[in-house]
Amino acid sequence: MQIIITAVGPDHVGLADPIIHYLTGRGANIAEIQMYDHDEEALFAMLLRIELAGAPLAEVRSALEAIGQQKGLSVRVWAPDERAARPRLAICTTFRAEPPLAVLRAIRDGQIKAEAAVIIGNRLACRGIAEQFGVAWEMIGDADGAADDERMVALLDQHEVDYVVLARYMRVLPPSTCWKYAGGRIINLHHGLLPSFPGMRPYHEAYAARMLTYGATCHFIVPELDAGNQIIHQATFTTTPGTRLDDIIRLGQEDNEPRCLVEGVRRVVSGEVRLHFHRVVAR
Amino acid sequence: MQIIITAVGPDHVGLADPIIHYLTGRGANIAEIQMYDHDEEALFAMLLRIELAGAPLAEVRSALEAIGQQKGLSVRVWAPDERAARPRLAICTTFRAEPPLAVLRAIRDGQIKAEAAVIIGNRLACRGIAEQFGVAWEMIGDADGAADDERMVALLDQHEVDYVVLARYMRVLPPSTCWKYAGGRIINLHHGLLPSFPGMRPYHEAYAARMLTYGATCHFIVPELDAGNQIIHQATFTTTPGTRLDDIIRLGQEDNEPRCLVEGVRRVVSGEVRLHFHRVVAR
Amino acid sequence: MQIIITAVGPDHVGLADPIIHYLTGRGANIAEIQMYDHDEEALFAMLLRIELAGAPLAEVRSALEAIGQQKGLSVRVWAPDERAARPRLAICTTFRAEPPLAVLRAIRDGQIKAEAAVIIGNRLACRGIAEQFGVAWEMIGDADGAADDERMVALLDQHEVDYVVLARYMRVLPPSTCWKYAGGRIINLHHGLLPSFPGMRPYHEAYAARMLTYGATCHFIVPELDAGNQIIHQATFTTTPGTRLDDIIRLGQEDNEPRCLVEGVRRVVSGEVRLHFHRVVAR
Amino acid sequence: MQIIITAVGPDHVGLADPIIHYLTGRGANIAEIQMYDHDEEALFAMLLRIELAGAPLAEVRSALEAIGQQKGLSVRVWAPDERAARPRLAICTTFRAEPPLAVLRAIRDGQIKAEAAVIIGNRLACRGIAEQFGVAWEMIGDADGAADDERMVALLDQHEVDYVVLARYMRVLPPSTCWKYAGGRIINLHHGLLPSFPGMRPYHEAYAARMLTYGATCHFIVPELDAGNQIIHQATFTTTPGTRLDDIIRLGQEDNEPRCLVEGVRRVVSGEVRLHFHRVVAR
């Protein structure tokens, strides 16, 4: 059984040893191991991908969580196969309703075989959608939309979320969140073609570059500052010369972006693709 | 009547005066005027777009060509409307047959309303296509594929070409050729999405960037080193993670590129778009 | 005598004809001619560089200004040699005092042989410097620092300014201002190495790229959106790994930037370099 | 004592376990651990940085090398402090003599406190320099300059090299070599400013961008395709507008590049900087 373990702590020296010691003692084979540190803060992380036969997942999880508590590490143990038939999604939203709506409809219609565990917002805009689809709603934003990142992680843990879907969620996740849910669990929708248009205004930038092609990108977020974008799916549309920018943006937001996100989430949830050493590979 | 005049000469001082003097004397209104120089060589150029009523085109042309001969300038006078119903195309080729084939079929089927005046190659690969479609064939390459650029211009002049279609023609046109046929007369097919992938190996570069979107760009060539690409049309296709590069290239070359070029040439020939102050605008 | 003429108007059809007609009638030789248009607005411009012998500058200027008034064009006639011995500078400022101070000291000490005609600010920060050096001070900013761009041009005209020095002036000049003072008259100080770091936070971007080299760039502003940066001078300094960003910024702002601007302005004012067909060339 | 262990093998599953098992059994504390894989080939690598007290280095080395032989892994054990007073350098060369000459002179003059263990070339051009300084010379190139990369690694091992200095060595090291000598042991001289000008012709590219600043970069090579450049030192020089490209290249090659490399090697050898989680930090 494949298990992905993440650990986050304040120190790079004591981070790896107790976890690795426990796992190798239980006969685990290490398939991938990475350590990260964060430039500016005293924040270190480890990702372990192991193969483990013969030990119950629940036992490994509680043992590692106990090590975490004892050593002051934030530890998570995740097995992709545990709920592979119907993984649990958190859908994170800000203002735009089309991407979360499209995902919820695709779940309802059986196109995405998953459970919408919770809808999280740093704005209230998508609350009605949660009610409409009967999904738990959690507001993590303050009056200015600043997000309580710690509460988001607590909600992901509490709702036993397999995958985090950033459905035009307009806040940058802090490195610690990315590390805690590392290993191909955070799926982002970017409203431009990556890596060419990475900024906050990709429609404007592609328009200024006089492009006639506009696109959206669904990708895993990988917890490294320098990392490329791990692309799961891209969807594009083409305009004719003279098309106005606001028409282009409307086409992109109302049609192309939601379509892109649904197909990307479907690929991950169905197991067609996964993250392997920082790359998206077909299974 | 709109007339586009280009002049190329060795000196920037004597380039503009005699031509402008003649034209303003004939009552022309100047709509656009540009002068260029080439960094490394003593080579200067002027583009004039004028509105002229009451003077016959043939007379203006012969008068300006006489000025050119007298002053040592290479002068061309072109009126887009002269053969607007059925403009004459030169199709320039190297190895790949799909793009020129697609253009010739689109002409045959009435999708592109134009005349294939001549097919030019710096390699012999597309000679059979010229024969098949009964179009004049001209070989301008030597044994290594190096092109005789002066002969290309002579052929364009001799065949009274309105638009030059670079159908995966793999040589860079020298600035002097671009200037002589400036004003929106040279249509290029680039086998990558511009401006993101401008190089000689755009499929490889997009693949190395882990993109899932691949595209082709049909654009005017503008005779300035720093100029952006004046995009007429872009066509894209999307792959799934794990698709092999050679499969992607095959898809692009056999389907996407020819389709892109045909639509681009159609837009220009039908008068849907034109070049206006370095930009492609809808008419 | 070399004369640079700029004309700005709402229409591209009537822009060039009356000016060119007058000049060729006076026996001018056209050395360079460019027309620009602005993407979003109905705003067109022409730059003419001519050689004119035998006609007094004052007469040409008043004739062309009369044409401008009659035709609704904003026309300017400038001869670089008119005040070549001691050209008149406008020094534009926002918050930072070091760059304008360095230019004023270099003028006082004879390193820059020019006249400080006026100091313009969109903030009050540099008013004291103007008083200290006895130079006219003009405030063009509102309470938020938004600049009255039309008043800036009126001040440049009124003070008969040869060169506009943007000494960490933090507002973007509108295209119309750039066109009115085109031809190598606007000198900007950018606080990063161009073209690599063009944005608003070049120190932060170079630091994020883990560079150890930081620089400033003194360049002409050319009135085209796509144009490259016409570099007059660059000054750099190097740090060791581990140097803090705020120490780097301090070094750059207090020492490297002012030094860069002074040498750049000196090169232009002394006639060592000039703009020629969008390029900086040594005279 | 800090020890850096690298292991390279054909499989990611059996790579980490035996080494980690041995080390944790000996009481090592893991300070950093990374696993890499190579896109196109079945080639995996691990980097371990550990703190080990109480176990003799020689014993650890022979134990791990024995594990490597048994498991089919290529294992290296390196302690930076072992020869910290006078580390052993391999200087790799192609055509240009200035950079290796400058390093050898700096060693002779005591500026760089190191031992030139061996000079390696894929061309014969620097053989005379090796003879002049009495350093072992090894030729690894064939008639076309193609390098025998396996022989290079064998030579580095045989000469017990601490740091590999690429002194304008014009071949790309294969990932397996970078992984085997990972951890801050490979120092490269790039003849352009990184990350702005990464290509093979950085002088030409900076010149084409109309820059007046040219530079060289001394950096660690890190065995990841996506990794940024780990910059140890950068040296620059500035030219005036109109300086010819070949004069710029000559200035760079004869003065700036050698100076840059000497200071960079000095910083590493003296222990002023080191690689820490993919970043260069001051000690």
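For reference, chains read A, B, C and D in written order, and residue numbers begin at 1 within each chain.
Note that in this section contacts are C-beta pairs under 8 Å (C-beta built on N, C-alpha and C of every residue); 3 or more make two chains touch, one makes a residue touch a chain.
A quick note: this is a predicted structure, and the numbers were derived from the prediction, not measured.
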Angle of rotation relating chain B to chain D [CA atoms, steps of 5 degrees]: 180
Inter-centroid spacing, chain C versus chain A (mean Cα positions, whole Å): 48
Mean-CA-position distance for chain C and chain B (Å): 36
Sequence positions of chain B contacting 2 or more other chains: 228, 279
Touch-based graph of the chains, sorted into line, ring, star, complete or other: ring
Touch relationships between chains, expressed as pairs: A-B, A-D, B-C, C-D
Partner chain B, residues of chain C touching it in the complex: 12-17, 20-21, 24, 29-37, 39, 46, 51, 226-228, 277-279
Touch list for chain C against partner chain D, complex: 193-196, 209-213, 215, 228-236, 238, 240-242, 267, 272-273, 279-282
